[in-house]
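The next block holds one structure in the form of structure tokens; read it before the comments.
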Amino acid sequence: MPSSLTLHVVTPVTGMSLPPAAVPTAALGPGVSVTCSAIGDGPASIECELDQALAVPGTLAAVSAAARAGADAVVINCMGDPGLDAARELTSIPVLGTAQTSMHVAAMLGHRFSILTVVDQLIHVDEAKAASYGLGGRLASVRSVGIPVLDLGADTGHLLAALTEQGLHAVRDDGAHVLVLGCTGMLGLAADLATALVHQGVSDVPVVDPLPVTLHVAAALARSGVSHSKRTYPCPPAKPRSGYEAVLGASSARVA
Amino acid sequence: MPSSLTLHVVTPVTGMSLPPAAVPTAALGPGVSVTCSAIGDGPASIECELDQALAVPGTLAAVSAAARAGADAVVINCMGDPGLDAARELTSIPVLGTAQTSMHVAAMLGHRFSILTVVDQLIHVDEAKAASYGLGGRLASVRSVGIPVLDLGADTGHLLAALTEQGLHAVRDDGAHVLVLGCTGMLGLAADLATALVHQGVSDVPVVDPLPVTLHVAAALARSGVSHSKRTYPCPPAKPRSGYEAVLGASSARVA
Amino acid sequence: MPSSLTLHVVTPVTGMSLPPAAVPTAALGPGVSVTCSAIGDGPASIECELDQALAVPGTLAAVSAAARAGADAVVINCMGDPGLDAARELTSIPVLGTAQTSMHVAAMLGHRFSILTVVDQLIHVDEAKAASYGLGGRLASVRSVGIPVLDLGADTGHLLAALTEQGLHAVRDDGAHVLVLGCTGMLGLAADLATALVHQGVSDVPVVDPLPVTLHVAAALARSGVSHSKRTYPCPPAKPRSGYEAVLGASSARVA
Amino acid sequence: MPSSLTLHVVTPVTGMSLPPAAVPTAALGPGVSVTCSAIGDGPASIECELDQALAVPGTLAAVSAAARAGADAVVINCMGDPGLDAARELTSIPVLGTAQTSMHVAAMLGHRFSILTVVDQLIHVDEAKAASYGLGGRLASVRSVGIPVLDLGADTGHLLAALTEQGLHAVRDDGAHVLVLGCTGMLGLAADLATALVHQGVSDVPVVDPLPVTLHVAAALARSGVSHSKRTYPCPPAKPRSGYEAVLGASSARVA
Amino acid sequence: MPSSLTLHVVTPVTGMSLPPAAVPTAALGPGVSVTCSAIGDGPASIECELDQALAVPGTLAAVSAAARAGADAVVINCMGDPGLDAARELTSIPVLGTAQTSMHVAAMLGHRFSILTVVDQLIHVDEAKAASYGLGGRLASVRSVGIPVLDLGADTGHLLAALTEQGLHAVRDDGAHVLVLGCTGMLGLAADLATALVHQGVSDVPVVDPLPVTLHVAAALARSGVSHSKRTYPCPPAKPRSGYEAVLGASSARVA
Amino acid sequence: MPSSLTLHVVTPVTGMSLPPAAVPTAALGPGVSVTCSAIGDGPASIECELDQALAVPGTLAAVSAAARAGADAVVINCMGDPGLDAARELTSIPVLGTAQTSMHVAAMLGHRFSILTVVDQLIHVDEAKAASYGLGGRLASVRSVGIPVLDLGADTGHLLAALTEQGLHAVRDDGAHVLVLGCTGMLGLAADLATALVHQGVSDVPVVDPLPVTLHVAAALARSGVSHSKRTYPCPPAKPRSGYEAVLGASSARVA
């Protein structure tokens, strides 16, 4: 069991590596450090199935690189969990997705949870994602603030107001008992949203910020020596995989 | 309604474009022609999540090219349906996956169906796939013949014997009423398997060969003028998607 | 594989055999012909469980007759699919129901579908039908236009307006991504409804017209040589079945 | 609340009206009398979907007649529950099916239940029936004794041995905690089967005999003044239903 | 089979033993008598998980005492069914909960049912309860009248008005076809609620009063000689259980 | 965010407080301390529903005491999670159950998980528990080693052999990809079991030890400032709850 841990955060978009200062490392407790990367080729943000698909090769390359560099666990920092299954095939250190992890945590915390996503086009995508994790029955709703990812930072007040409005609908109309921020670009807004909800008379609903909670669970797994099942995610068989040498991190495009 | 139809088949692996002669075009009825392609970069076969992920960019490029070339519908010829969702975002002509289509057809034909796949490592992948299409409750089992994709053609007699053995287990032990060939590399073996089952006393179980049945449904959709919902698969928003110009089929990596 | 196909359409009500001219035969491609029949005894329309039950004996007789007359496949032209299971026991040629087929096709086309039925009393019947096909999780809603079957033809403008109103509710309030006409008496209105939806700002939702799409799938099955499982629908054992000689199509009321 | 009750039992086959002496009327408590009928036209036994379908018109006629004759409740005495939904539309007195009632009672008594049916061909039919009642998740298995209905009475010792063998498999291999006799032709064998199971070391599994338990529940509903919902089973609208005057119990084939 | 039956009703709260006169014994038919008890230690009413948990030891003591006193069946008279599973381990006579029984009866009577409970805090508790009985798919909604249990008797007119208002919402907005009174403190109001609904135009929805219907089913089980499965609810193994001698009804806190 | 954390472990049986030395505190990382308690009145071990029910009052008292003593989070150390819901109503610091937490973690790690419990009588109890957490679809099986809790320590070699045998069946026969130790009395055996499985040729299945992983998640929640939803677990309303002063931790048996 390592006395110190290194967690790596891959943000699966181009040009938007999370500044390490933005990561709430101190809250992870003593002995934990966090490194960050973005991807080379791929979409500038993730708002549809095409974006998710094109983010995967770069994400796999980043996960492989982090594992080779000695990370104790890796977090894919996007609520689409792009490449999560394939990344787990490539390594035996824990690889976590912010969507899978935060949905399971939300399911542990209360009766049903709602996800507050960015745009309407992702509502059914998130519904399908929750169902694929076996948590469809615990999902109260997915609601959107109607703000594209790349505009999230333009007006935080507007974003917070929209999150509050949709959060109130989720609680009052859809029966949500827990809220999950639906885009990792909303990092850091959980406390503000909770406060805003209290001002509107809703003081009993926790808000889950996906990246911090996933980092905590990643640290927990790394410390407890438990990782994903290699029976579910076996090492890929050797074969030609032309064009993806970077992903596989070797001179030949093969995985032993 | 066109009096003649062109269907395009993308086999999402490198170096294995289906020879057009292998496609049972005549059975599609008068007026239907079929074109075929493989992908440039990607895996030589698909046997894990990594292979599926790396097959996607090439598949999307092939679907886009086929649509631009005037195809009336496109079939992705692999039981992993790689890139199906994203491909549907890229075009409005019907794009069908052999897995989704053959599973729905199998569900229409009888109480429960089993899938006969290539290797054990794909069993849970196919279970998850069926569940993602909402058909988990109709799946009797997934069984594997234990033969990697690239070895399927080495000994057809051995393959047929293994399919028969697993098919009998599926029917007698798992309650399957319909069988689905679990790899499009098994193309053309449905009738032989059905005959072999009859010799073993099982004469009441249809065998679905995914590619032909999917081509028939593709022709049906193209002829009836119905395609996938653009509300589920909207046109991707314009944004930089560096490194994927070929996929998007334009000088800039943007989709309007 | 036959170069020409004959599909038979049974409309399971009295006095309402579909005029062959109403069937969009041309769209089925070259070499397909369609024959039609209604039933002798039974209800004038189908709007409740009693109607469905009383339509069955006549439907079974019509299916048997069509099979004896050499049809390549039979379609039961009613969104209740009356007699579908029993009819499949009586024959080995494909027998399709418009409800089962159009619901599976709708499920292939998008995230969730809604059915627009005739009267409120059929809403829960259609919900149960979708669930019985294993598609309950893909159903967004069933909505009714409040017009009895026998009045559907009285005022097509009113019917179309009601379909548009309920279709918009289904899309905007219930999350439908695909619409299915819920009564085969609405034959031919899919394109008009789609156009009306576009005029209301909804241009991304396909509308499935059950009879045409079912005929296409029936042709696809007949051409690909695949039919329903006789393990699910075995030939009925011989025994007295008094009063139903016509159904069984033989001098004695027995089935070998 | 009536001080005395009349329950009517319709056995939905020809020539096999239950002898009233076979009904365990005394166990129903003081003040309950039972009347019995079979159907005119229809199958001699029910072993497939065709039999079920052809049993419906006669069953509906019998239910209507019993209601007109003043019965307080009606039981359809067959584990296929033929005509249950339509019969409930025809009357407002409680109409119960032995399958629906005994499955719900079995679900109340323990973790999972198994059904012991007559022939293999009914296994999937019973699975679908349990699912249609929303109890699929409570069903451990359906097993068959391999004896056609009309042969059940030929050798009771053989029948009991077969029930014991399959019951033991259901308990030990399938996890059944409750057993349900799967054919009302097995009437009266519950205690004998329970005793035989005890002799084999299984003393903790109740056996539900469908007809008696359904009669008890029918009496309970009649006494408590609760019947089925007429919102689910509304009175059928008036319309021509040619050939089914007997079913509808009136000079014209209409229902107001 | 006993010619007379004694049913015992445990109301699992302190100081609120049901007056025997309040029990509709006459409707149970000739030969049935009912005895009643409350519990010693525990909550004054049940409105949260804490109340349910603290009601259990007293309820178990009361069930044990009733069984020792010769009751033929016991009903736990609370819609939380506190202690139902453990009580069934303690005895082999039928023990029924009003929630489990009335939900199964409601599921037999119509398409979907709604529960009208006392306070908002119980809505998700009742949803989870229905799901635990395998009936989540049959539940249309749980709605609350916003009146704490101990205030139910203060103003029956107000209670009835609130039940009517929520019942109408359940029927019109949630698709309920059957209503279940959600608290046994509403005993006797089913007929009044049904009448009030008729005055509002809803005449086709039965209202289930949990205690009477559960007493009827308890009598049915006792008379038919069927009880819960001792495989699901085995006799607890002997071991020290300090502090709970009263529950176990013996000088030592052990159960053989 | 506290720089140091105190986690409290309640073992909900009498006389078996976990020795703090047995808790793998060091692995929790710097700054975490663990305190332990057992319960006063209650069962000596938990092997049936009666045991679970009787463990609850003592568990609630222990949770309340730990919260008053300043614990940052509490873990209920039993795979029945006795009193989890009610305990969460009593406090706002995180309260975790080893069953709920380890099942969610197992679901995150692989396709399906199996639980290895102590005695056959708990198999269906654990199945129901998994279903109640919404994870029934992720459960491959529950298997038992046939050793009562109080005998677990008698022969560790025998226990390990039994765990290995059942674990192999779970992996090979039931399709488990992850194993969960089914009793917290098996604490510390995960690594030994994993090693034994490797010796049998199964090297790809992680084994989850419930207490350590739950402590890790408890620390994660406490550090991230997220706790259970007070909308799901509201503070109990004030009312008399006679006999349970200790549970409620106040001079009067009321909770404000």
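By written order: A, B, C, D, E and F. Residues from 1 in each chain.
Rule of thumb we're sticking to: contacts are C-beta pairs under 8 Å (C-beta built on N, C-alpha and C of every residue); 3 or more make two chains touch, one makes a residue touch a chain.
Not measured: the values here are computed from a predicted model.
Under the contact definition, chain C and chain F share the contacting chains A, B, D, E. Any chain touching chain A that also touches chain E appears here: C, F. The interface in A-B, A-E or B-C that matches C-D, meaning over half of the contact pairs are the same by residue number, belongs to A-B. By the residue-number overlap criterion, the interface of chain A with chain F counts as same, with over half of its numbers used by both chains. The centroid of the Cα atoms in chain B and the matching centroid in chain D are 44 Å apart.
Centre-to-centre, using mean CA coordinates, chain E is 30 Å away from chain F. For chain E, residues that reach two or more other chains under the stated contact definition are 111, 124, 128, 131, 137, 177, 232-234. Applying the touch criterion to all chain pairs gives A-B, A-C, A-E, A-F, B-C, B-D, B-F, C-D, C-E, D-E, D-F, E-F. Those residues of chain E that touch chain D in the complex are listed here as 1, 3, 5, 26-32, 96, 100-101, 104-105, 107-111, 133-135, 137-138, 171, 177-178, 191, 203-206, 208-209, 212-213, 216-217, 219-221, 223-234. Residues of chain D touching chain B in their complex: 123-124, 127-128, 131, 136. Listing the residues of chain C that touch chain D in their complex gives 14, 40-45, 47-54, 56-57, 60, 83, 85-86, 88-90, 121, 124, 128, 131-132, 148, 150, 232-234, 236-237, 239-244, 247, 255.
Those residues of chain C whose C-beta lies close enough to touch chain A in the complex are 111-112, 137, 175, 177.
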